[in-house]
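Written out below as structure tokens is the structure these notes cover.
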Amino acid sequence: MAGTLYLFAAFSITWLIIFVYIFSISRRQKTLERQIEKISEALRDRL
Amino acid sequence: MSKDNYIIEVRGLVKKFGFKTVLRKIDLSLKKGDLLVLFGPNGAGKTTLIQILSSLMLPTSGKVWIAGFDTGYDREALHKVIGVISHNTFLYNNLSAHENLKFYGRMYKVMNLRERIEEVIGLVGLRGYMNDHVQTFSRGMQQRLSVARAIIHDPLIFFLDEPFTGLDQHGVEDFKQILKKFRDQGKTIVMTSHDLDRGLELCTQAAILKSGNLVYKEDVSNISQDDFKDIYFQHTGEQKMPVYVY
Amino acid sequence: MTFIQKVWAIVWKDIASELRTKEMLLSMCLFSFLVLIVFNFTFDTGLKNLRENISGILWVAFIFSGLMGLGRSFGVERDKGTLHGLLLCPISPWGIYLGKMIGVFIFMVVMEIFTLSVFTVLYNINIIPFLLPLGLIIFLGTLGFATIGTVFSAMSATTKARDVMLSILVFPISVPMIIALVKATYIILWGGAIQEIYPWLKILIAFDLVFLLLAYLTFGFIIEE
Amino acid sequence: MTHNRAFLKVFQFVTFFMMLLALYAIFVYAPVEKSMGIIQKIFYLHVPSAFLAFFAFFITFIASILYLYKRDNRWDTIAFCSAEIGVIFCTIVLITGPIWAKPIWNVWWTWDPRLTTTLILWFIYVAYLMLRSVAGENRRSNFSAVFGIFGFVNVPITFLAIRLWRTIHPLVITGKGINISTPMIHTLIIAFVAFCLLFFWLLINRIGLEKMRLKVEEIRASIEDKIHLEHEKQGG
């Protein structure tokens, strides 16, 4: 039974790490997209 | 690849720090014996240009040939023919004047080093301080010793970055004499200065750098100082000379 | 020949400059002395199991105080603005590297001779009979440490948090060398057969040669801007 | 661009599918190992992660060499992104290792050559990432490329040294062999492929992100530059 617990811990931690990483990538991507949006808006206003 | 008639040849020089452009497409050529003074407001890229010319920095794009040597490839050969003086003296504080010159003399493999040290140290008027440690020197004396250091290997080309910094009136006069002597010997000199009067007195060529652009470069031997000041203000848009704080 | 003379000029300049103040040598020696004393309290020296630790203590003292010397090797040149003067000299980056590296090596050896004599007294170990093999191991170890350390010293001198960065770069890379040094020193100090240290010697020699070669190939990239 | 995006979508779908398939294979298809019991299934996470961490650092090594050789910033980006993902996988190895060791050998950590080398590897590449964050902009690429080369060349020497060190010391733990059956090998292969796909999917996305960041920074710098120049013109 203890084995199952350890197994569960190992798998959940692994997935957690991977998902947190994917999440951080997508969040940074969103931030960049927002910045691009801002820049192009500012440029449109000037034109 | 060297251009025979030009001793300094800069083609399409661009320098960026990260994405920040410091120098934009600079073209510059100097003949042997020219004395060029680079003027320009703070942050115009003067020091960066001098550092690239003296191969301390690599250009982001473009080419620089000094005495026929490409600054990216023939650095060792290039270093033998250039002398650099900046507001940073490149001197070792814990060593004496003589030891500093001995070190640099050995690095440049100067022949008859002992006599040569005597000679250059006399030239900058520090003969009496030969065995004193550099850290006991005043700023002006350090700058003089820095001149001696730069000329120990008798270079063909000089790059001077704000060489008057920290010199007293007397030191400035001496330094001008040294520069005149070099000019008469046919050495090529590139120098940055914020001091229009002192700079103009000596130069045959003047250039103005502004925001990384070379906006002006002419032979100024026939232009009066006042005329040049007007040209300077016109090109830089400044109302007066920048105030430097060191 | 010219190359060797120029490299020697750099070494001479560093030594002459250090002998004026002796600041760095003194602090390195004092620091390693302190390490020996502190470890003496941490591991009760009366106990037999100290034998296991004693070679480790010695190398911790060497490496930590060596790190002080390394940090200053390029740090001082940058702070005092002499680095550009050095870079403008007509010598290849490899020559500058060798000059600085030999300087660090010599300072470390001086510190190590001092530390070893204190060590002999404090820990009651007679090292005279093992002087030759021990000297060889210390030579290889110090060389390896100076080899990688000089490269990272040149890097960290330009970064923020200079000293911390130097340790973070040096330690993980020096792991195989430290293992080999501690084990070989242990075998020598406790009278092991000389053949026993051969595998460790091989690792040390390989480490030194590989990283000297890498330094030769890459040092030019580190000092350019 | 659309072509690229479509490819990425397909790639993402395949990766996702393979990950599910791997989970199915690990928990349903693969039999429970006899001597270790169910805990042995960590093996399917641990081994591919270890391989990929190593592989990622190898990519960093090659990209670093190519960067110094070609002076092309793309190689620098690849080296950096690969190192970051390598650290992620390395972390997974270092966490699953002790979790596996504890119930089987009743210790969290063993100074086994492979595990110890992985730990050193982790330190080296965390140092690599730190170096990138503290180095000045015009030196960053060169420094990290040199360190990427030093770090990877160091790996075999470290492994040899640690192995030699462990064989001379008595081993507290003697590795129990795993009785591998054919379904287990199948499962391992599936998990391996799934992890490789995951790795490349992460790498492609991370490189895309880094390129986008650089592009935005460049655009921003050039706009600021234009404004600055225009401002000066008006002032003068």
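We call the chains A, B, C and D, going by the order they appear; numbering starts again at 1 in every chain.
Here, a residue touches a chain if its C-beta (ideal position, glycine included) is under 8 Å from a C-beta of that chain, and two chains touch if they have at least 3 such contacts.
Every value quoted in this text rests on a predicted model; they were computed, and no experiment measured them.
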| item | value |
| --- | --- |
| Of B-D and B-C, whichever chain pair has more C-beta contact pairs | B-C |
| Geometric centre distance via CA averages, chain D-chain B, whole Å | 49 |
| Centre-of-Cα separation between chain C and chain B, whole angstrom | 39 |
| Rounded Å distance, chain C centre to chain D centre (Cα mean) | 32 |
| Rounded Å distance between chain A and chain B, as computed from the means of their C-alpha atoms | 51 |
| Contacts with two or more other chains, residues of chain D listed in rising order | 138, 220 |
| Overlap residues in chain C, where contacts from two or more other chains coincide | 224-225 |
| Chains that touch, pairwise | A-D, B-C, B-D, C-D |
| Residue numbers on chain B that touch chain D, as the complex places them | 17-21, 210-211, 236-237 |
| In the complex with chain C, residue positions of chain B that touch it | 51, 54-58, 76-77, 79-80, 82, 84, 86, 88-95, 99, 103-104, 106-109, 133, 149 |
| Chain D residues within the chain B interface of the complex | 137-138, 217-218, 220-222, 225, 228-229, 232-233, 235-236 |
| Interface residues, chain D side, partner chain A - complex | 37-39, 41-42, 45, 49, 85, 88, 91-92, 95-96, 99-100, 102-103, 198, 202, 205-206, 209, 212-213, 216, 219-220, 223 |
| Footprint of chain C on chain D - complex, ascending | 68, 120, 123-124, 127, 130-131, 134-136, 138-139, 142-143, 145-147, 149-151, 153-154, 157-158, 160-162, 164-165, 168 |
